[in-house]
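The following pair of complexes shares a single chain, chain A, combined with chain B in the former and chain C in the latter.
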Partner chain A sequence: MPIMLSVLPKIYWILCKEMKSEYRSREAVSALLLFSLTTLSVVSMTIGNEQISPAFLAVLFWIILFFSAMAGLSRVFLQEQSSGTIYTLRLYGEAQPVLFGKFLYNFLLLNLLSLFLLPLFLVFLNVEIYHPGLLFLIILAGNTGMAMITTLLASLLIQAQGQGALFTIVSFPILLPILLFCIKLTTVVFLPGTVDSLQPLAFLGVYDLVMIGISSILFDYIWCD
Partner chain B sequence: MNVALSIFTVCTVFAVFYIVPPAEGLGNLVRIAFFHIPVAWVSVLAFLLSAWKAFCYLRYRKLSDDEVSSRSAALGLLFCFMATVSGAIFAKLTWGAYWNWDPRQITIFILLLIYGAYFALRSSIAEKELRARLSAVYSLFSCAAMPFLVFVVPRYYFSLHPEPILNKSGSFQMDYVMAGVLCLALLNITWIFFRCLYRGGKGKADE
Partner chain C sequence: MKKIDIVFTDLCKKFGSLQLYEGLCGEIAAGTCVAVLGKNGAGKSTFLKILAGMLAPTAGTVQYLAGGCSLTRDEFRQNTGFLTPEVQFYENLTAKENLAFFTNISGTICSAEALAQRLSETALEGFQDERVKNFSTGMRQRLKLALLLAIERPVWFLDEPSSNLDAEGCKLIGDAITDARNAKKTILLATNDLAEVEYADYVIRIA
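Let's turn to the complex of A and B:
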């Protein structure tokens, strides 16, 4: 399969290019990390030393992650538009490598954000984790779906007006199943005792796969005309 | 056609108010259901039709498909809103609260959000062809998320909502007069929907 072989290096190149341009400006990383830090500190300051239920903690964690993601992830395409590099990318980049390269970049960014947020969350809100392995899987699955959906929707908005506000509006209904599943599952992680059902995790995985498939199909229509 | 539709509507309204007996436990309130169920059904139908026409547009690139798709979504938004409001009133009268995040309420709320986002996206793009293409992509993308919202998410939330009429066991829990009138109402509202859908099209073509 010579075609498949040639796609993988292209994805890698796109990923490298994203990282290099991010390294130069550090725009997305600083936006993501500072946004999450600000939100977390506000929450922690106002809540103080009160004991919070696991369900509430899970909601807080995912809301912080979600809104920080909204602040930074749309840059992956919108920055290309504002700096004018989108035309070059359109000329030289094929649809699938561009989509998956940018998806991988967003995915790495989200994982970085989670790595940054989780220890701070544990320290600030005095949380205990009872099932670290499960939490790892949940975050990984949640981030995969979030990265894919935000990548596709950011590419939809390249030529739209009022991108920042529109991005949140457009992505919220489609991200909602992921958020609901992740919150449900994370509640279990903060509770002592055995995990009784992993069914939501399976649904989360299936949802990720469906989103990756449909994005791959639909992106051709966005990119190739 | 219009005359036939009007007569049909009057007949349906008559049937709902005079033929259907007051239900056990619900009394006369049950008559709201004959508005609520068909309207909810049409809002889902409009969503699917909009997605189907979006698919047709991406396939054949005819702007008329995009027009039907967006008009269907607009009507869908209207019917979805009516379903939400009638459902909330029904919920207040029977369960005691307008809103309690019942799974069906979650689903219809998200459907409203999707419709809203769809029109926000449409209004932000000026060029016709581009708008048609991008909103078609969004319509299909949200359509892929819909099965999860309808079938999977509700499994994890407690529901007061009655089982769908044709429930899993396949039994039919309704007496025949009610079922007949419900079918009549479904047919009627669906007809009204298609009438509005294609009438709007003719009006635009004449201008």
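Let's turn to the complex of A and C:
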């Protein structure tokens, strides 16, 4: 418990630094929001007035969210690498505060993206939500896993060439279970009637916890070596 | 203040086919100031990084001993401060914000007044709210010194600390090293400046 208490202020400082830097440069937010807006506009214009099944709508929503996330989430480490600050951060920052500070920042960024994307998605594609509470939980759980995995992978790829493309390729298989659970659950949200089973949401929660645990263990080695 | 001896045995470092050194042995006792000399490309900075635990040697070992107990590399790192070309600051943050950030994540308790004092000591008091992207190279070097003073670690790694500094800046570095020596800090100083060598208790020459 005392170790946790000493880590929390450091996580807070990392998170604040990320938010302050982003507020002043607006690089990641602009990339995420513009990518999602462009993709959504193209999808909406292509579909027009055609009726789409709830399952297809759910796939569209999560694919847009996934690729938009790929456009901005890796910046937490790639930016540090390109500006040379990663070395100073390694000199003075401990592994766990760095991981969780950057994870929280990516999580907030993804939630901001979802908050921006969801109303536009509903309006552009004329979608009705029947279970808003469940959708809220799905987005929170999905974003938690996505933020954790992308943060860890971004830290792994800082020495690699062609980081952008590699980041998407490497992320996809690990994020696939999250995307599948989210798509399955979101389909239910777009359907009228009662929700039969929340088992996929429980699986999603467990998968998130496992990923957080694995990332926390692995990051100590990544950061120190 | 923790007293840490650094013992290195049979150190060897190769980059591809380029071998920098082989069979380097020695001990740096706590509280001493050691100058590392050598021509450009000899591996002075690499040697400092290996001793700091930031770079693995090709062969050989580095041990950190505190009161007869061996420290891990991570435990040792928590006792080190750096003034090296690799230390970079966040361009979009101000000098004060950068200092506050790095001192806090390093676990150093440092008040806003103390940080302002460090900036004042390095003649940056008028620039504390200026973003680092507007700083000259010499001002960045002073900010590195301010950070080194603020985090108050017992082992200092200095790599060409006076580079890009004017005469006043060089004097600041000299005063900081003198104060650190008086406070019995361990100082490893890679330099080509013979004036800086004067501060050292002894010299390690890398051929």
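Assume the second predicted complex is superposed on the first by the 224 of 225 C-alpha atoms of A that agree within 3 Å, B and C clash if a C-alpha of one lies under 4 Å from a C-alpha of the other, contacts with A are read in each partner's own complex, and residues count from 1 in each chain.
Rule of thumb we're sticking to: a residue touches a chain if its C-beta (ideal position, glycine included) is under 8 Å from a C-beta of that chain, and two chains touch if they have at least 3 such contacts.
Fair warning: this is a prediction, and the values are worked out from it, not measured in the lab.
Of the two partner chains, neither chain B nor chain C is touched by A:Val42. In the superposition on chain A, A:Leu180 makes contact with chain B only, while chain C stays out of contact range. By the document's definition of touching, neither partner reaches A:Leu122: not chain B, not chain C. Contacts of A:Val170 after superposition on the shared chain: chain B is touched, whereas chain C is not. When both complexes are overlaid on chain A, the residue A:Pro9 reaches chain C alone and has no touch with chain B. 225 are the residues of chain A that lie in the contact sets of both chain B and chain C, per the superposition on chain A. Chain contact summary for the complex, chain B toward chain A: residues 58, 110, 113-114, 116-117, 120-121, 124-127, 130, 133-134, 136-138, 140-142, 144-145, 148-149, 152-153, 156.
Listing the residues of chain C that touch chain A in their complex gives 54, 56, 73-74, 77, 80, 82, 86-93, 97, 101-102, 104-107, 151. Against chain C, the residues of chain A that register as touching in their complex are 6, 9-10, 13-14, 17, 20-21, 24-25, 83-85, 87-94, 97-98, 224-225.
Contact residues on chain A toward chain B in their complex (touch as defined above): 152-153, 156-157, 159-162, 166, 169-170, 172-174, 176-177, 180, 184, 200, 203, 207, 210-211, 214-215, 218, 221-222, 225.
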